[in-house]
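Next up: the structures, one after another.
Presented sequentially are two complexes of chain A, the first with chain B as partner and the second with chain C.
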Partner chain A sequence: MPAMIGPSHYIYVCTRLRARKAKLIPRDEYIRMLNMGLPEITRLIQETTYKREIDELSTSFSGIDLIEVSLSWNLAKEYQTILKILPRPLQHLTSSYLRRWDIQNVLTILRGKDQGLPAGRIKEVLVPAGELDRALQDRLLMEDTSAKIVEMLKGWRLYPVLSREFAEAEESGRFARLENELYKKFYADVVADARAVRGGRAFIDYVQLEIDIRNLQSLFRLRAAGEKGDLREFMIPGGSVSVEELQRLSAIEDLDEFIDAMKTQVTERPLLALLDDLKQQGSLKGRSLQETEIVLTRIKLAQMERMSKAHPFSIWPILAYLELKKYEVFKLRTITRGKEANLSPECIRSYLVM
Partner chain B sequence: MVGPETAVMTVEMIEASQLGTQAISAAIAISLTGLSTAIAEYGIGSAALGAAAENRDLFGMGLVLTAIPETIVIFGLIVALLILF
Partner chain C sequence: MALRDVKPTRSELISIKRRIALSERGYNILKMKRDGLILEFFKVLQQAKESRGALQERYERAMKAIALANTVEGAIAVKAAAFSVRDTPEIAVRSRNIMGVVVPEIESSSVKKSLVDRGYGLLGTSSVIDETADAFEDLLEAIVEAAEIETTMKRLLDEIETTKRRVNALEFKVIPELTEARDFIKMRLDEMEREELFRLKKIKARSPS
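Coming up: the complex of A and B.
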């Protein structure tokens, strides 16, 4: 599209994404889907924006696999379309946001290969939304061994971390540490990139919010697992609360007390609002880990929505849409997979971020 | 040193000066309202285009909304005409 001068491009893009957001599947539809059978859900999904992908892929896939691949392809295509219409500074920030998918895809391929899954099965769950495009992913899938896959990723910006941690991961068969290290480097790179761009402040605020949420999720997970020792290696630096402080806070036994202690540490409004919301949800003591995580995600999305209204022509409406679209795909995937596994509607609903 | 004869203004000079002031006032009225309209339409137009790109049904509504700030420049035009005539 022709280059626009001044903020008009921001106004154009943010309004466009607002209009796209209005087209996302509403909450009531998910509730209806919970009471439907798999063929009906497939038909319903086919009537929405996923129609083109389902039609395109129906010759190669069928049933639940068709839905799964169509959802992934649609998500990737949507991300790439949005990247094309964004003004340059926002394009730069958004593409660095989308690079997280590379980590997910690489780890999916490595884990899949490690477990001896066929390339077709692995490909179904890949989302080619980052820098590593579909052609490269196909080439990676063709490789027989994980070592060769790592070797092929030499040009990737996270390759130094991957090559450093891969040997240990392969030996132990556990990719958790590799994943942690990749994400730590990813977030450090994203913040460094945002600092170099004019107007990157709003994006850094978002990244901080996300790091804080991730650290909180990790803390809740570690608490649930009864982990008490040094938790610093599981935490991502760069959030509004330092890793050392998180380590100190993790020693507090009572969850409400823990939130109060955390509130004294943070100065950023989004996180304070988030902690307030978290407390207003009632005591977290009775909640399962999964429920707590869903609450955290819901609060994050609500916070993003609030920020996108406060800064209507910034990166916030774009990120809010990208996140909501991602969760739409997650929800549809959860419902279809849950239905296929004959789970009850209540059980499936407990996994949905609504 | 300016002599007293140079400070005297004739009726013709006063009339010409009034006409000049009127013309400048009319120009200010039309140009400022024109600029304001442009600024308003710039934002509304971009947003309308964005909305219409996603949903063609919104094109008509966008066009109407984009044209609404034209009223500002029409007010300016009326004021300018009243000043001049």
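Coming up: the complex of A and C.
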């Protein structure tokens, strides 16, 4: 397949994905589910596209775990199918975008092996929604040591970062720095790959928004945990606010002052509104922090929806579908898990990204 | 002590008197120890009530946090984050003495960790994981504290029970029996003295003056 693709490819792919998007569970259905009991919700899920995975996995899992694992497997399968129907440059960028799942899986395998957990237990926690497919993950799980697993990932795009940080992580037993570095490289790669596709420029702006949101989230979390000092290690470069500026902001003690300083740096209107809300609440801990994260995710999705309408035949409809599918799975999981934990419908609803 | 085994001699009387004095001294000391232990027990009981309350509250908070984390992040993400924790908390047990009762002093380390030391990355997780980890660290600390206080309380209770049994044994068995034996010997000695006196009088009456 040629490296450059014409408009017809975009039209074909975007139309197919628009058709898939139409099949996603509508908003009203979630509202209905909130008032249902767990058996009814389970039956409803079984009547949708998740039936096959539920049937396949029913011998290995049961109850709520069966629902959750089936949802994750369906998501992984859907992503793999989409990767197959995409022409190469789009496939390349989409793979880049889905690499966050690979990071999660690789780290889970490394941590599981490091703790001496059996392969079966680690496998339960893997979601092969990225480019590292199930077969490769099974081979990785068969390896005895973490060092051999890293060796096996030699062809992986994030291998240079993995091999650079792995020795220190293995020695200290802490994979946090490795995880942070992998995510930083992930964002850098997505930005680099976005330049080659239609709508890429706008997509880079979106990635910048995502980086800003992620940095803001990290800053809030570090602040809530009372962490001080050099926090640059936890910030992703490439956002509209520089890492140095974020470090300077983190040193501000007073919350009002911190939010005011943040407002001078951020330009996106929804983020500004969120900062105003936070200032009124006067707290950055517990539930308010979790609610803030959900608001930030909503901002991200709304922006993606807007852009996919503004650029109907570009990378946007593809990524918007991937995100919407992911949040469909998350919403179903939130509702079922919430119902299992006897949370009230209002409480569950506050955690749904709708 | 059966009275028939008691030898009504003056030396036995002296020995029993000594034993009574010793028993009464022991009784007073043990009574003071029992009262002291009860006072200590009530102090520890108050702490135990507080620690139990805190434990219950933290347990509920932790359960709520894990339910919420499973709801928001999913059990898969929660388990994956849990794999990051490699350091196991260490517990050092020393002992201290409360009125002769050896009670443990438990000190735990690496239970409460900072956000950056927990082992999971900041960029791949959300604040609900922080909240859950924090709640479980608090719960573990409360368990260690409750274990120390409740073991202390249990040992104090055992000691109070033992001391109470000893005090009761001295008060209702040992001292009354010794007193009875002393009185018996006294009575017997008096009787023997009277018999002796009577005998002497009789002998004197029979003898020609």
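Remarks
We adopt the following convention: the second predicted complex is superposed on the first by the 260 of 354 C-alpha atoms of A that agree within 3 Å, B and C clash if a C-alpha of one lies under 4 Å from a C-alpha of the other, contacts with A are read in each partner's own complex, and residues count from 1 in each chain.
Basically, contacts are C-beta pairs under 8 Å (C-beta built on N, C-alpha and C of every residue); 3 or more make two chains touch, one makes a residue touch a chain.
These numbers come from a predicted model, not from an experiment.
Once chain A of one complex is fitted onto chain A of the other, the partner contacts of A:351 are limited to chain C, with no touch recorded for chain B. By the document's definition of touching, of the two partners only chain B reaches A:8; chain C does not. Of the two partners chain B and chain C, it is C that touches the larger number of chain A residues.
Of the two partner chains placed by superposition, only chain B is touched by A:20; chain C is not. In the overlay built on the shared chain, the residue A:188 is in contact with neither chain B nor chain C. When the shared chain is aligned, no partner comes close enough to touch A:310: not chain B, not chain C.
In the superposition on chain A, A:125 makes contact with chain C only, while chain B stays out of contact range.
Of the two partner chains placed around the shared chain by superposition, neither chain B nor chain C is touched by A:31. The residues of chain A shared by its contacts with chain B and with chain C come to none at all.
Remark: chain A residues 4, 6-9, 11-16, 18-20, 23 touch chain B in the complex.
For chain B in complex with chain A, the residues that touch the partner chain are 42-43, 45-51, 53-55, 58. Chain C contributes residues 67-68, 70-72, 74-76, 79-80, 83-84, 86-87, 114-124, 126-128, 130-131 to its touches with chain A in the complex. Residues 64-65, 68-69, 72, 100, 103-104, 107-108, 111-112, 114-115, 117, 122, 124-125, 127, 173-180, 183-184, 214, 217-218, 220-222, 224-225, 227, 234, 236, 286, 289-290, 293, 330, 333-334, 337-338, 340-341, 343, 348, 351 of chain A are the ones touching chain C in the complex.
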